[in-house]
Each structure stands twice: as structure tokens, then as C-alpha cells.
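What follows is a pair of complexes built around subunit A, which joins subunit B in one and subunit C in the other.
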Partner chain A sequence: MNETLLTIKNLHVQYTSGGQIVRAVNGVDIELKKGETLGLVGETGAGKTTISKAILRILPDPPAKVTCGEVWLNDVNLFDLPAREMLEVRGNKIAMIFQDPMTALNPTMTVGNQIAEVILQHNDISNKEAMKRAASMLEMVGIPAMRYMEYPHQFSGGMKQRVVIAMALACNPELILADEPTTALDVTIQAQVLEMMINLKQKMNTSMILITHDLGVVAQTCDRVAVIYAGQIVESGTKEEIFNNPLHPYTIGLFGALPKLNDDSKRLSPILGLPPDPTNLPEGCSFNPRCPHAFEDCTVGQTPEMIEVTPGHFVRCILFRKESVHHGISRSQTS
Partner chain B sequence: MALVEVRHLKKYFEVASGTNHAVDDVSFKIERGHTMGVVGESGCGKSTLGRTIIRLLDATDGQVLLDGEDITHAKGRELRRLREKMSIVFQDPYSSLNPRFCVDETIREPLEEARRFTRAEISQRTEELMDLVGIEDRLRMAYPHEMDGGRRQRVGIARALALRPDFIMCDEPVSALDVSIQAQVLNLLMDLQERFGLTYMFVTHDLSVVRHISDEICVMYLGQLVETAPTKKLFDQPLHPYTKALLSAIPSIDFSKPMRRVQLKGEITSAINPKPGCRFAPRCLYACDCCHEPQQLEEVEPGHFVSCCRVREIN
Partner chain C sequence: MWRYIVKRLLWMVVIVVCVALLIFTVLWFVPGDPAQIALGSEATAADLEAYRELLGLNDPFLVQMGRFMRDTFLRLDFGISYSFKVPVIEEFAIRLPRTFLLGAFSLVLNMVIGIPLGILAANHRNSVIDRGLLVFAMVFSSMPQFFFALVLVVVFALELNLLPPFGIATWKHWIIPVLAASLSGIAQIARHTRASVLETIRADFVTTARAKGLEERKVIYRHMLPNALIPVISDLGMHLSMIVGGSVVIETVFSFPGVGLYMLYGINARDYPVVRGCVLILAVFSAFVMLVVDLVYAFLDPRIKAQYVNYAAKSGGKAK
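Entry: the complex of A and B
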């Protein structure tokens, strides 16, 4: 579990839209160990999906452009690979589970053949062998192999998502990028799918980046959490650290805005204002216009550096600089 | 007296493969000033139920009473008068606003439709409403595409409030919004309720939202009402096997308590040509022969209704 599988260094991605530059990802660093699950949490437009597409190099270029950064899988920089070799990585070493199972499957192909296609692409085996393996993948995600020849429209949402997961796992990838894998599903089905994903991941010792906006899903599945805001990671640490001791005002705000199942307070504490416009990010800390603790230093210069507050718990906020007065913000003060 | 009362309401749709029993024999009451949460998974008929109650759909059978008056078959002028008493906030603030109407036009449309206000009154009321829901005056001439989801939903709420309704049916009003914005809109809805004594029916699939906002909750499964109770009671002591499974499936942000999920077998089936009896039975842990008989909604404790023939044995 201590070997590093994926390292992202200083990733920057921009989109050009109507002559304007949209700064979607602004310097993201991620390190992921073998067998580990990292939860990437943030709101719409924070850049979560862009990061995962950048890793797989499937961003549409133009309009998207990776302006800076490296993505290392083991000891290969994926950004240096020729396109042909990248085909060997996609679906084989890194697989992606998309948010919407209704659109991720080909409606004109049987579900079994869609799984077999991935297997054939990456293995030198006969059609018959590939079909056999595809059938056993279906069984693994709890779909009877006799439904191999059925089409996606004959499946329910939860089953379609399981087919997508079977497809992602078919080549035994080292890394799974799961982009909101259960958002389109109902709670009882979501619980089934999450449980299945956790079991399969443990069985195969796969690493996973789970992108979601649902803190409940993170709490139940992840080892580490990175909170992303305006294309930057603002706080990262173990799940326990982030949930029990959130430090960044944005993270604290997210928890305050959530209706809780075990809390009877009648008013929620929403985060004031709106997410920033990525074509025109504020100077200094991107969160400063919405932050209840912002002062002059927050509104000038570059975005703050990541500060390691306790070993492994990083926060991007100048309140935690050693030389600055300790403001001692806590969850109780903001909520 | 309850503001809204639903008696044995049914709404069936004819589809290619048979009859879809989208809402099947649902009865409940909503007290004035209360919020009734309706939860259930997609396709369980919760939106259809809401739309049938406010007469956007015609009931197949049963009765809807508003303030003691049977409105199930109201027509013409009478229905227009009723329309002023009930309104709706839609799920998707992107598709429920006319893209060619600016904020001002959207909010004044119901006032003009009412045909009893002068121009000056309409302008004044529009201004009041924008202020009420927290839309800045500079956005008066803004079109929906110029606004974010939270603001669009505020416009939708202002439109719903225009004619001072008693009853608002909120159909997943915060599902399309991010958590930080969702909290703003939920707070707004609760403030408005307090100020004007509004009665809400709040349809959602998000159980933590429904717990936060509701006084009572109805749980639906495939068109049938399986359990209804005051919110606290329902969450503390769910009695129907489906409610138990549903509540246990919510991923909790408290990871020290791992999910102790009540295992459900199988998938949600459909409400097309259903067999008589409990529709949850094929997935239920406690199903037996008696579950194939039609079920009665039974008052197990005061205010706590459950539709399950084995409710006393299994609890």
C-alpha cells in the first residue's frame, strides 16, 4: 500500500471559449498509492472531471489545452507517450467509469459484446475466449451471464452502471477513475453499487480516484480526500482528518451547508455568494470573496501555498501560515 | 381542518404495454402551515402524485380536497380561481423558465393572467417579489441563461408566490443545485413558509433534505403509499420494510458508523399492470403469502400509518 502509483504534478488546464480563457485547473498535485481510494470533492465547475479527462488525455483539444504539468503512472509520464502507446493505457491500465450509464453504453451493441470489445482490444486472444471472459465479468458484477446478448435499453439504470463497471474492470486496471459513478442512481441501488465497487477493488487491489459531490459517499468509500475549489486543491488529508477536523473555510462551509441526518437545527449555513467565474478568477485566494475570515492579505498576489498543518493534512489558506496570527477557526464558529 | 386532503387518489396512464398504475390508492392529509415530504425512488409516482393534486393532471379516481372543497373535477372559471391558491416550483430551473422571458416578464406573467390587477399594481408586486426571494434589482431585465441555477430557482419561487397561494408543491426544487446553493434555497423556502404561513408538499429523493424541511413524510413505492408519519417518528422508528431499507441505504457522513444496510434483493420493477398486493413484496425480506393480498393502510400509532400486513410481527 506504500508504493506510489500515480503522481500528478502542477497540472494546468485551460479552455478557450468565445475568445475568453477559462482557467479550469490551476496547479493540481495529486499522489495516489497502490490500493488507495482518493475522493475528489467539489462543486459543479470546480474542475474535477477535467482532471480525470486530462489524466486519460481525452480532453477535446481545442478547446481544452493542458498548458503545464506531468502525470506519472508508475515511472512513465503519460503526457510524453505517443498517441499509439496511450491507447494501450486507456481501458487497460487506467479505466474510467462515467457518471451517466445511460449515455456511456452503445445502444446498438449487446452489453456482453461491449465488454468483450475492451478485452479484445488489449489482449491477444480469440473472440470466443474474450466472450467467455466478458460473461464472467457480468457474473462478477451480479448480472446473470444469460443476459449477455441483451441491449442496454433492456437493463435498469443500476444494471447499466454495473455493466459500465464490469467494462472498466475487464482488463484488471491499476487505476480506476470513477466520475460520479452513483449520482444517477437511486439510494438503494447506489448502496448496492458502492458496496460492489468496494469489494471488487479490494479483491483486485486497484487504486481509485472517486469524483463526487456527495460527502456521504466519500465517507463510506475513500481513504483520503482532496477538496477542490476553482481548479485547485484547497485541502487534502486522510478521510478522518478532513471529516473530524476540517481546516479550510471552504471545507468547513461545505459541511455547514449540508442537511444532516442527526442534527435538528432548523437553519442551514450556506456559503455566501457564488462559485467564482473561471474566466476571471479573483486575485489572491480564489475563495476570498466568499470567505468569512478573509482579510487584506487574502485578496492580493498569488494564490496561497499548500501548508502541511499536521503530517499528511494540507491546507491552502494563509491563516495557517506559521508566521501569521493563529485565528483558530473552528467549525462551531462558522456554523 | 387539513388544508389538503387526498382520498384514495389514483392516476393511471395507458402505455403500450398496459396500464401504468403511477399513483394507486393514495390517501393522506396536510395540515395548514405544514410541510409534507414525499420520498421514494425514481419512477415511484411522487411527482405524478403532486401534479395530480394541483390539477396539472386529471385523477383517474379518488378525491382531492383543498380547504374542505372537492377540487378533483373543477373546471373553467372555478379552476382558474383554484389555480391562484396552488402553485408549483419545478425541479429543473434550466428548463422551467421561458428562455425568452426576462426575470420581470416571468414573474409578472401570472399576475397578468389573473386579469384583476392594474399595471401599477403588477409592477409593484413584481418588485416586492424580487425583493422577497433575494433577486437583485439589476437582474430585472436578465434572461435565464445569464443567471446561475440558484438565482433561476429563486425566480421560479417568486413566480410561484406571485398570486399569494396557500399551497405550493415543490417538485425536487434543490436537486439540480450544488450543496452550498442548495442550503440558500432551502433556507429561503423555510423563511417564506414562516412569513406567509405557506403549506408545502415537498417531493424529493434526498432523504437528508426531506428530514430537514418536513413535518410529516410519505414514503412511496411504485405508486403505493407504504408509510406516513411525523418526520422524527419515521426516522427514529421506521416500520415498513421498504422504509427501513431506504433509510439504511443513505451513505452517512459519519464514517465511524459503517453502513448497516438492510440488504434488498433485486431491482425496482415497474408499475405497469401490477399484481394485486404489496408491490414491494418481490424484494422484501419478510414477504409471505398474505403479501399478495391487497394491503390496507393501517394506523399503527396515532399519526403513523403503515401499509404492511406483517407490520406487527416484524417490529
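Entry: the complex of A and C
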């Protein structure tokens, strides 16, 4: 459990669009242990999907470009691998579950063959054997093997997502990148799919990065949480730490925006303002224009450093610098 | 599926019968007298009358139409050409293969040049190749076929003296006509392919295929192209029936002795059996090509196949 599987160091990704540079990911560090599930939480456009595609090196280049950073899987830097060897990582050691099952499957290929394809690609076995394994993968995600020869259009959304999951798990990957795996599904199906993913993950002792903007999903599945804002991790820690003791004003804002059952307030309290324009990020802390606690120090210079407030709980906010205790905010102030 | 095919074939019969009635009626109302044209301006009124009587042109509309429909559909006899004095069906035996061959060559060129060009342009989007192709496509798909055919004749036959300008004596005679018949099709197929590939390149399932660790070659040939080319198939079918149906222009420019030229003679000479026969044959051909295109489509795209199967099942249910 304590062995590190994945280490991302100082990852920067840029998109070039119409002559402008969009800074999508700005120095992300992630460490993931074997068997662990990390929730990557953030608003739309915060750079979550870009991070996972950067790990697999399937960002469309151009317009996207990894300008800086390292991604270590065990003791291999994926960014140093020749393209040929990277193929063996994709789908085999690291698999990805995509957001929209409606479009993630090839409409002209039977679902079974789409699963068999990835098995055949990474294992030295016969066609027949691969088909057999694909059929058992289908069974594993709760789809009768007799539907092997059917096409994606014959499946419902939830079943398509099961197929996508079966495809991702087919080669027993060490790491699954699940990019909003339940967003496109309705709530009852969401719960089923999530539960299935957790079970399968535990059975195979796979690590997972779960990308989502749904804090409920995080609560249900994750061990650790990283909150991402404007392409940077602004707070990370164990799930319990983040949920019980959120520190960064953005994280607090996120929780504030959740509906509460035991509260009779009529309106939710949203985070005011919009995510920053990634072509033109604000000086200082990226969150300062929307932050209720911002003061002049927040609007100058570089973005703040990560500060370890309690062991394992990091926050990127100068309020928690040792010398600025007088500006410190406490949980009681906000809840 | 079989039910669907049978149904389509039955529809084809209906369509062809309607076309036959229509062409007969149109020709009835077209001014001009076959006898006058056949016998020339010096013929006497008695000669003309005798000739018309011989051809049965003095009978009432319905009698003539009935005779035509009976001969065509029950005896499969298109009649004898007034001016050539040869059964139309015999001329078809010689001329149809030529026109079809012209269409087939042109179709092959459309496929082997148009599709790869489109893929190439899509893969080098916004490059010089891509821009050049778009200009080429615009010029050739908007230029009238006959003009383009004449330019080819002037350049390759008259100026460079490389190829014969008309006739079909040797394989060399075929080059210019096939080119002239193909170029606008190639341009349009290339453009369509380019657009379709660009759309598919961004599709999520292509990213999925990459994330599986497939080599780029497999991503393209197994996942991207099969999906990108489906819409192009219907274009190809349309071009084929357009080339064969529109063979009049090309065949006239090159004196290419095919069905198109035959039909043109027929129209000029008010040679009714020839015109009717040609129109019917082309109608059958077009309907048949459309059916084949639809079947190929269904074969390639399981979603469409499912529609046909459901459609057949539904209409079968109704029939009970």
C-alpha cells in the first residue's frame, strides 16, 4: 500500500489557439500509491482531463503541448519513453475511462471485439483466446456474454459505460484514469457503475485517479483528494481531512455550494465570479479575484507555494504561511 | 434484410413502369414527325402517310401506349430503331458495355484518387497540400464537364498530339473521356472525404483507440477510416449513376459510341424506340445503383442495417 506507483512532477501543458497561449496545466505535482484512489476535483476547464491525457501522452499535438514536467510510473519517466514503448503502457499499464460512453465506442465494431482488441494488443495470445477473455470481461461488468456480437447502438448509456470500463480493465492495468466516468449517466445508473468500479478496483488492487466535479462521488470512492483550480492543485490531503477541515478558500467555497439537507436555507451559496481566463491568468494567486479573503499580497508575484499545514494536508494559500497567522481563517468563520 | 431487398426490387419495378409511362407521354407531346425526319423534306404527303402507318404512329395515344408497354415489359422488346432499322436491344448489346465501362473506370478513378487525396489533405490540414487540394476541388467541381472535356482535347490531342481526340479504337482513345468524366467526381469525393475524415479525427472513439495503445496505423485503418468513409460511399454511388446517366455530354464531345450518344441521335431523329429504350435502361441502372449503395451502406454501418431490419420487421407486421 505504501509503494508509490505514479509521480507527476511540475507538469505544465499549454494549448495554442488562434495565436493565443492557453495555459491549461500550470505545475501539477501528484503522487499516487499502489491501490490508492485519488480524486481530482475541480470546475469545468480547470485542466483535469488535460492532466490525464498528458499522462497517457494522447493530447492532440498541436494544439496541445507539454512544456515541462515529468511523469514517473514506477521508475520510468513516461515522457522519456520512445513512442513505440509508450504504446505498451497505454491500455496495458495505464487505462483510461472516458467521460462520454455515447461517443467513446466505435459505432461500426462489435462491443466484444472492441474489448478483445485491447487484449490482443497487449497479450501474446490467439484471436480465439482474446475473444474468450473479452467475453468474460463482459460478464464481469454484468453484461451477458451473448451480447458480444452486438454493436454500441444496441446498448443503453449505462451499459456502454460498462463496456468502456471492461475495456479499461481488460489488461489488468496498474493505474486507471477515470475521467468523469459517471457524469453522462443518470443518478441510479451512476451509483451502480461507481459501485462496480470500486469492487473491480479492489479485486485487482488497481490505483485510480478519479476525475470529477461531483463531491458526492469523491466521498464514495476516494482515499485522497486533490482540488484543482486554473491548472494547479490548490489543496490536497486525505478525503477525511479535505471534507472535515477544508482550508483553501476555493475548497471551502466548493463545499459551501453543496446543498445541505439539515439546513433550511433557500438558496445555495455559489462561488462568485467565473474561473479565470486561462490565456490571461491573474497575477499572484489565480483564485484572488474570487476569493473572499484576498488582500494585496495575494495579487502580486508568483502563485503561492504549497504549504503543509498538517502532515499530508497541503494548501496553496498565503493565509497559511507561518508569518501571516493574523489573516488565518478558521472553519468556524465559514460554516 | 432479404425482405428489405425484395421490397426495394418491387419498388424498382414500380418506378421503372412510371418512368416508361412518363417518357412515352413526353415523347407523344414533343413536336416533330419521325416520318418527315426519316424521309427528308422531298417526301410526298402519301409517302409520309404510308411511313407513319407502317410505324403505327397513326393509332390513338392509348393504343400506342398499350402496345409500347406490352412490348417492353411483357416481351422485353424495345422495338426497332426507325432510322437505324436495327432492334434497339442489339444496339444496347454493343453500346451499353462501353458506357458502363466508362462509368466503371471513372468510379475507380474517383475512389483511388479522390479518397486518398481527401485523407492526405485532412492529415495535413491547413498545409500547402490541403489548400492546393481545396482550390483544385473548387475549380473542378464547378467547371462544366463539356468545357473541361474540350480543354483536355485541345491540350492533349491537338497541342501535344499525345492522344487521339475521339473514337474508341484503342485504349489510348479512352484516356481523355475517362479523365473528363472523372475529374469533377474526384474533386467532390476528395472534398467530402476530407471533411468526413476531419470530423472523425476528433471523434472520441478515436481517442479511445489511441488510449488502448494501438499503433497509429491501426487507429486509422480500423477505427477512423471505416467510420469516415461511410458517408463517402453514397457519394460514389451518386457519381456513378450521374456519369452513366449524364454520359450524353461526354459521349458527344468525344464521339464516343455509347448509350448517351445513341440517345442523342434518337432524340434528334424523333426515333421513339431508341429514346424510350435509353431512358428506361438508365432509369433501371440508377435505381439499381442506389439499391447497391444502400446495401453496401448497411453492410458497413450496423446502425443502418438495424434500421432496415426493423423497417422490414415493422412492414412485415403490418402486412399480417
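Basically, the second predicted complex is superposed on the first by the 326 of 335 C-alpha atoms of A that agree within 3 Å, B and C clash if a C-alpha of one lies under 4 Å from a C-alpha of the other, contacts with A are read in each partner's own complex, and residues count from 1 in each chain.
The rule we apply is simple: contacts are C-beta pairs under 8 Å (C-beta built on N, C-alpha and C of every residue); 3 or more make two chains touch, one makes a residue touch a chain.
Source: prediction; values computed, not measured.
J.: Let's test your reading of the overlay: on subunit A, do subunit B and subunit C clash or fit side by side?
T.: Result for subunit B and subunit C: fit.
J.: Tell me which partner touches more residues of subunit A in the superposed arrangement, subunit B or subunit C.
T.: B
J.: Looking at the overlay, does A:Ala116 come into contact with subunit B only (first), subunit C only (second), both, or neither?
T.: neither
J.: Should A:Val193 be classified as contacting the first partner (subunit B), the second (subunit C), both, or neither?
T.: Neither subunit B nor subunit C is touched by A:Val193.
J.: In degrees, to the nearest 10, note the angle that opens at the C-alpha centre of subunit A toward the centres of subunit B and subunit C.
T.: For this superposed arrangement the angle is about 70 degrees.
J.: Could you tell me if A:Phe98 is touching subunit B, subunit C, both of them or neither one (first, second, both, neither)?
T.: second
J.: Using the superposition on chain A described above, determine whether A:Leu258 touches subunit B (first), subunit C (second), both, or neither.
T.: After superposing on A, A:Leu258 lies in contact with subunit B but is clear of subunit C.
J.: Would you check which partner chain A:Tyr151 touches, where first means subunit B only, second means subunit C only, and both and neither mean what they say?
T.: Touch partner of A:Tyr151: subunit C, not subunit B.
J.: Regarding the shared-chain residue A:Arg90, is it in contact with subunit B (first), subunit C (second), both, or neither?
T.: second
J.: Can A:Pro107 be said to touch subunit B (first), subunit C (second), both, or neither?
T.: Second partner only.
J.: Just to confirm the value: shortest Cα separation between subunit B and subunit C in the superposed three-chain model, in whole Å.
T.: Minimum C-alpha separation, subunit B to subunit C, in the superposed model is 7 Å.
J.: Once the complexes are superposed, what residues of subunit A are shared between the subunit B interface and the subunit C interface?
T.: none
J.: Taking the complex as given, what residues does subunit C use to touch subunit A?
T.: Contacts found on subunit C: 203-205, 207-215, 222-223, 226-227, 230, 300-303, 306.
J.: Give every residue of subunit B touching subunit A within the complex, in rising order.
T.: Those in contact with subunit A are residues 41-42, 148, 150, 178-184, 186-187, 190, 205, 207-209, 211-213, 235, 245-246, 248-255, 258-259, 261, 264, 267-268.
J.: Show me the residue ranges of subunit A that touch subunit B in the complex, using the header's touch definition.
T.: Checking each residue of subunit A against subunit B gives 43-44, 156-159, 186-192, 194-195, 213-220, 239-240, 243, 253-262, 266-271, 274-275.
J.: Over in the complex, which subunit A residues touch subunit C? Could you list them?
T.: 53, 56, 58, 86-92, 95-96, 98, 100, 103-110, 117-118, 121-122, 151, 153-154, 164, 167
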